[in-house]
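Okay, so chain A shows up in both of these, paired with chain B first and chain C after.
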Partner chain A sequence: MSMGTSETPTLIGRPSVEAAGMPPRKRKPLGRNQKDEALAGYLFVLPAIASLVVFLLGPILVAFYISFFNFNFLDPENAKFVGLANYWHLFHDPQFLRALWNTTLYSLGVVPTQTVLALFLALIVNQIRGKTFFRVAYYLPQVTSTIAVSVMFIFIFSQQGLLNQFLHLFGIQGPTYTNDPKFALASLMVMAIWSTSGQFMMIYLAGLQDIPDEIYEAAALDGASGWRMLRYITIPSLRRVTFFVVVMSLIGTYQVFDQAYVVSGGDGGPLNSTMTVVLDVFTKGFKTMQMGYASAMAFVLFFIILILTLIQHYIMGREK
Partner chain B sequence: MTHAKNFRPLLYAVAILYACVSLLPFVWSVYTSLKPTSDIYHTFVPFGHLTLHSYSDIINNFPFLRWLCNSVIVATIVTIGNLIVNTLAGYAFARLRFPFKGALFYLFMAVMMIPSQVLLVPIYIMLAKLGWINTYQGLTVPFLMNAMMIFLARQFFLGIPQELEEAARMDGLSHWGIFFRIVLPLSRPLMATMTIFTFQGNWNSFLWPVLLTTSDDMYTLPVGLNSFYGQYDAYWNSVMAGVLLLTLPMILVFLVFQKHFVKGISTTGLK
Partner chain C sequence: MLKKWMAVTAAAVASVGVLAGCGSGNSGTNDNQASGNGQGGSVNLTLGMWSSSPAEKQLVENQLKAFEQANPNIHVKVEVVTGDYLQTMQPRLASHTAPDVFYVDASYAPQLESSGVLLPLDDYIQKDHVDIQDFSPSLLKAFQWQGKTYGLPKDANSLAIEYNKDLLAKAGIHTPPATWEDFEKDAALLKAKGITPLSMPIDVARYYPVVLDWGGSFYDANNNKATFTDAKNQSGLQFFIDNFHKGYIKTPKDLGADWAGPPFAQGQVAMVAEGAWIIPALQQTAKGLHYGVTDFFTHYGKSANMLYTVSYSIAKSTKHPDEAAKLLFYLTGKDAQKMTAESGLAIPSRQSEQGDFLQKYPDYKAFVDGLKGGTPYQFGTLGQNFVDAINKATEAGVLQNQSAADVLKQADQTLQTQTQ
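And then the complex of A and B:
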């Protein structure tokens, strides 16, 4: 299981299951060599299987099981089976609904903006010299810890921070953005857009390099303008990339946690304006110790991500 | 594209403008970290006033070095473990024949869609029962396998020519011998990509270490920085010195291995 940052655990994406197709082979009774090979094969995958079973499949079954209980780790004696009550309660829990709403808003704010920005930057960088410099400059935020990003932006967005000093030139007096219910979530969006656009730009750049030059040459012979080439050749050719970027970015944004935790000191404030689904799982599970409830909540997140992934596999598979 | 020529200066202007947006927070953080405490909120500070005091402050008066060591230890163990576990499995899935191989491989691919947040509660319970909360074991052992990396390794091994391995088999080398003496030495690009992404992911990871550490001697750098910021948010120069301590190592790794980053993203990002 990956321990990557929750914002972008998907740096190199998830392969489609189709890619896993095995070459067909004949089944024969195993000879001595084949037995050796099979034994070696099992030994080679053994560490991975052990980790998979102990730290992934086992735990997920446990999580599913306790999501039907009122369960507190510190008081396991009093665990009580409640059936679907945790799941039922979720959709009447104002805090969870707020978290789901905030996370959705956050996704809707971040995903389209960073996709368009990434494509725009890739188109520009693809046309000019100094690609290496721009790639490095745009990608640096991505290698930076989300905690560092959050702290840097909290400072820039503070009452006397850089942003307000700039706005002051125009006579505007701004608040401490990360601490204002109206702006806190938007501040998180800005951080995410700033830190992940470079990564998606790189993916677009790779996609641009895969478009054959002949298509552009043919279009140029037909007298197509740069704009029309962009509209009718480049953007349609990048359809798969765009789709990949959007889904990856949706999956990433639904798991947002780090920035919300730093900005709010872990409580989702001010006034729940930075409460996200994962932060809610974290608080319910480990602050108020409602572990069954937190597990049910995590499965709702799992369900959302599962749907997104299946849509991706379906469409990517069909496009092939 | 002929028309693009007229736009060229404009393209450069936009590219440079966004480079500024991208780099400004770093520059501002470095600058802030050099300001004396009395001048934190002065936008511009005379050059002579700049000082490295905040760096000596966080290193001498706070456990930043301890946190740095913890981060290095944890990320190194996790990276080495992942390299071993994932390349072995990737090789088996690429080259060796054994019953149920296809099914097992599908299983690894399927678990990739599980968000790790679902595992927070059960893994916490498991580690608590083992007495592994707030230990190096707890921060490393659950994180030694990564299905995405297994996939990456398998794809890489499928792409290298099989003749060498066959020749080695004729010479009587075992599967282990072939893997360690023939295949691994050919796999440096794979190892580089895996090392970089695993190390970076673990170095920057926050959710798990903030859950699994309870005392400040076991914090990793991101957890330590968050707690330091929580207590000393008036001392922005020291906070920013901490930010740079956390950020600079990854920036250096990125600058040195830039090519592998690009390759890693472009070869696997679109699979």
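And then the complex of A and C:
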């Protein structure tokens, strides 16, 4: 269940290059003819392409194929072609719809909060003394295993946990948050915001350092300061970074699995309140052995994320 | 023809094996020199298992050592699966790379059996004259599907009531309740003293005996169908739900734990209904606790119980079915079962070894008693969908104050939407 975060460094570079407005470098022929050169290039990337095809593209195509079958992993010979029945059934499956609803709520709760918080932290960390210390401190949750984080939060949110002890000082008696249908999903959101804000803070920090000082100087000469600089210079300049952060965060939240799995013990409880789409996919694929159905679910999830990303791309692109 | 050839090689291999075994003093070093049963070599088998504790792995290794001594031409490599066992096994079974012999939990055994990835053992049982009558009948039945046997139970567990003597005494109770009716009376006394009477999760794996005792049944084994909506199911389930509302039963989660062991060890609850796995946990975490173990509550003479059992089964894709069967019969045979009994890790599945086991571990009497009236925890090929449907519905019943009839109707609906 990769969160799709490991490829961030390659993408951060992009806005900076384009912001600086450098023209694309012209390629000089190296004396040999271009075909040879291209061939050498392809040879170099061949191992990567081969492994991508075998381990990524291939499985995706196979998954797409079996999503039209009543497919049991253990008994592939008896797979039955059912056409679009799996997809049709999905939209009548209360558990899947609940999972989709939970995941959407989770995303709506986490993405905006996380983005704002990440920007806020980045702005602070960019200016105060002891930058390095705070960067490390805020980034630490990201390198901690999700399982460990979940277990820690289960302690915080338990009946006699840290949170309730604190509330007790004000005479409030809280429930076991992860075991209460009203609070369980919210607990997951808090957990996610806490653990991934640091990562997006780093991306914003990189973005902040790419904004040329001249712009700020010019604005200062024009009498802008504080809030207005933030509103009219920093945030617009970070637009591409924000796009990236929101997309990555959205993909990550729509694929939430580990926390829900640990907190609910794998069943999405209490009362399906922590059932997420990927958890449902996992249950259907590996526990109840309905791999065809699980594949259909995965593709619906893929299209949802794709559409959301395209919408954002359109909105962000229009401003330019 | 093939058999004769194999017998000859086996004899040749045996002599070589013995010599090699003597020379090196360690049968493990000989593995790589010969693979397959060609060229006068030995047979290599793989055994797949999970391990709930280092002691379990040690037990299996000891059993294998004894097996390899008796069968020097067969070498067994142990493969311990960490993480999700079923998730690991599925792709391996599908790709014909599963271990030759491996653990199968009764809860999903029917799914594996019906999809044809396990080797039917009946012919081998006949050929080797394996005494299968000796197994507790309900345990053996857990690994039979449509008249064929796909595994032999290696051990078993059942539910009993563990009670905290000090907490019961505080409420003036000197003998633990034996029936659900007694329980309700004692629970009222305990509750009056501010003590939580019983902790059980809202899980069909634990409360199903209540439904059975009250004359209900969620599952029709003959037709592999769920029978949630049968009116006979309501009274037992209602009794269970009502006890939550009276405050007589609390879930381990309510007490801040994943399962009932920790709150019981900490003296937070007077009674819990767990299997024998709680005993080692209590020995480690609650040395000073005064507790006893008694039979699971009955209801007007009915004493249903839930059995948790694991088999050794053989992958259909194995290249050495004869040797794999030999290994399986050894591991579920008397010698290996005796070692299981002595380790105290689980109850041996063979009745002939259960007596020895009880002599050494008299505390486990209630668990062994439980095997007699027990139903294996499995619901045919409905498996996890069945369990999820009824567990979620029951949870809603307890939390949102629904009647048993509504819970059962909901479970039925959910199951229908989840299975295609």
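In this text, the second predicted complex is superposed on the first by the 255 of 320 C-alpha atoms of A that agree within 3 Å, B and C clash if a C-alpha of one lies under 4 Å from a C-alpha of the other, contacts with A are read in each partner's own complex, and residues count from 1 in each chain.
We take it that a contact is a pair of C-beta atoms (placed from the backbone, for glycine too) under 8 Å apart; a residue touches a chain by one contact, two chains touch by 3 or more.
This is a predicted model, so every value here is computed, not measured.
S.K.: Using the superposition on chain A described above, determine whether A:Thr104 touches chain B (first), chain C (second), both, or neither.
M.R.: Neither partner.
S.K.: For A:Asn272, is the partner it touches chain B (first), chain C (second), both, or none of the two (neither)?
M.R.: second
S.K.: Which of the two partners, first being chain B and second being chain C, lies in contact with A:His92: first, second, both, or neither?
M.R.: second
S.K.: Does the superposition put A:Ser237 against chain B (first), chain C (second), both, or neither?
M.R.: A:Ser237: touches no partner chain.
S.K.: Among the partners chain B and chain C, which is in contact with a greater number of residues of chain A?
M.R.: Touching more residues of chain A than the other partner does is B.
S.K.: Counting only touches as set out at the top, which of chain B and chain C does A:Phe286 meet: first, second, both, neither?
M.R.: In the superposition, A:Phe286 touches chain B and chain C alike.
S.K.: Touching A:Gln160, do we find chain B (first), chain C (second), both, or neither?
M.R.: So A:Gln160 meets both chain B and chain C here.
S.K.: Between chain B (first) and chain C (second), which does A:Ala206 come into contact with in this model arrangement: first, second, both, or neither?
M.R.: Touch status of A:Ala206: first partner only.
S.K.: Given the touch rule stated above, what does A:Thr113 touch, chain B (first), chain C (second), both, or neither?
M.R.: neither
S.K.: Touching A:Ile66 in the superposition: chain B (first), chain C (second), both, neither?
M.R.: first
S.K.: Enumerate the residues of chain A that count as touching chain B in its complex and touching chain C in the other.
M.R.: 73, 160, 265, 286
S.K.: Which of the residues in chain A come into contact with chain B in the complex?
M.R.: It is residues 1-6, 9, 11-17, 19-20, 22, 25, 34, 36-42, 44-45, 47-49, 51-52, 55-60, 62-63, 66, 73, 121, 124-125, 127-128, 130, 132-141, 143-149, 151-156, 160, 162, 165, 194, 198-199, 202-203, 205-207, 209, 216, 220, 225-227, 229, 240-241, 244, 251, 255, 257-258, 261-262, 265, 278, 281-282, 285-286, 291, 294-295, 298-299, 301-302, 305-306, 309 of chain A that touch chain B.
S.K.: Would you mind writing out the residues of chain A in touch with chain C in their complex?
M.R.: Answer in residue numbers: 70, 72-76, 78, 82, 85-86, 89, 92-95, 158-161, 176, 179, 181, 265, 267, 269-272, 283, 286-290, 293.
S.K.: Contact residues on chain B for chain A in the complex?
M.R.: 1-4, 7-8, 11-12, 14-15, 18-19, 21-23, 25-26, 28-29, 32, 41, 43, 78, 84-86, 88-89, 91-93, 96-99, 101-102, 104-126, 128, 141-148, 150-152, 174-176, 179, 197, 200-208, 210-211, 221-222, 225-226, 229-230, 233, 236, 239-240, 242-243, 246-247, 250-251, 253-255, 258, 261-262, 264-266, 268-271
S.K.: Inside the complex, what are the residues of chain C that reach chain A?
M.R.: 84, 86-87, 90-91, 93-94, 111-112, 115-117, 251, 253-256, 258, 383-385, 388, 391-392, 395-396, 399, 414, 417-420
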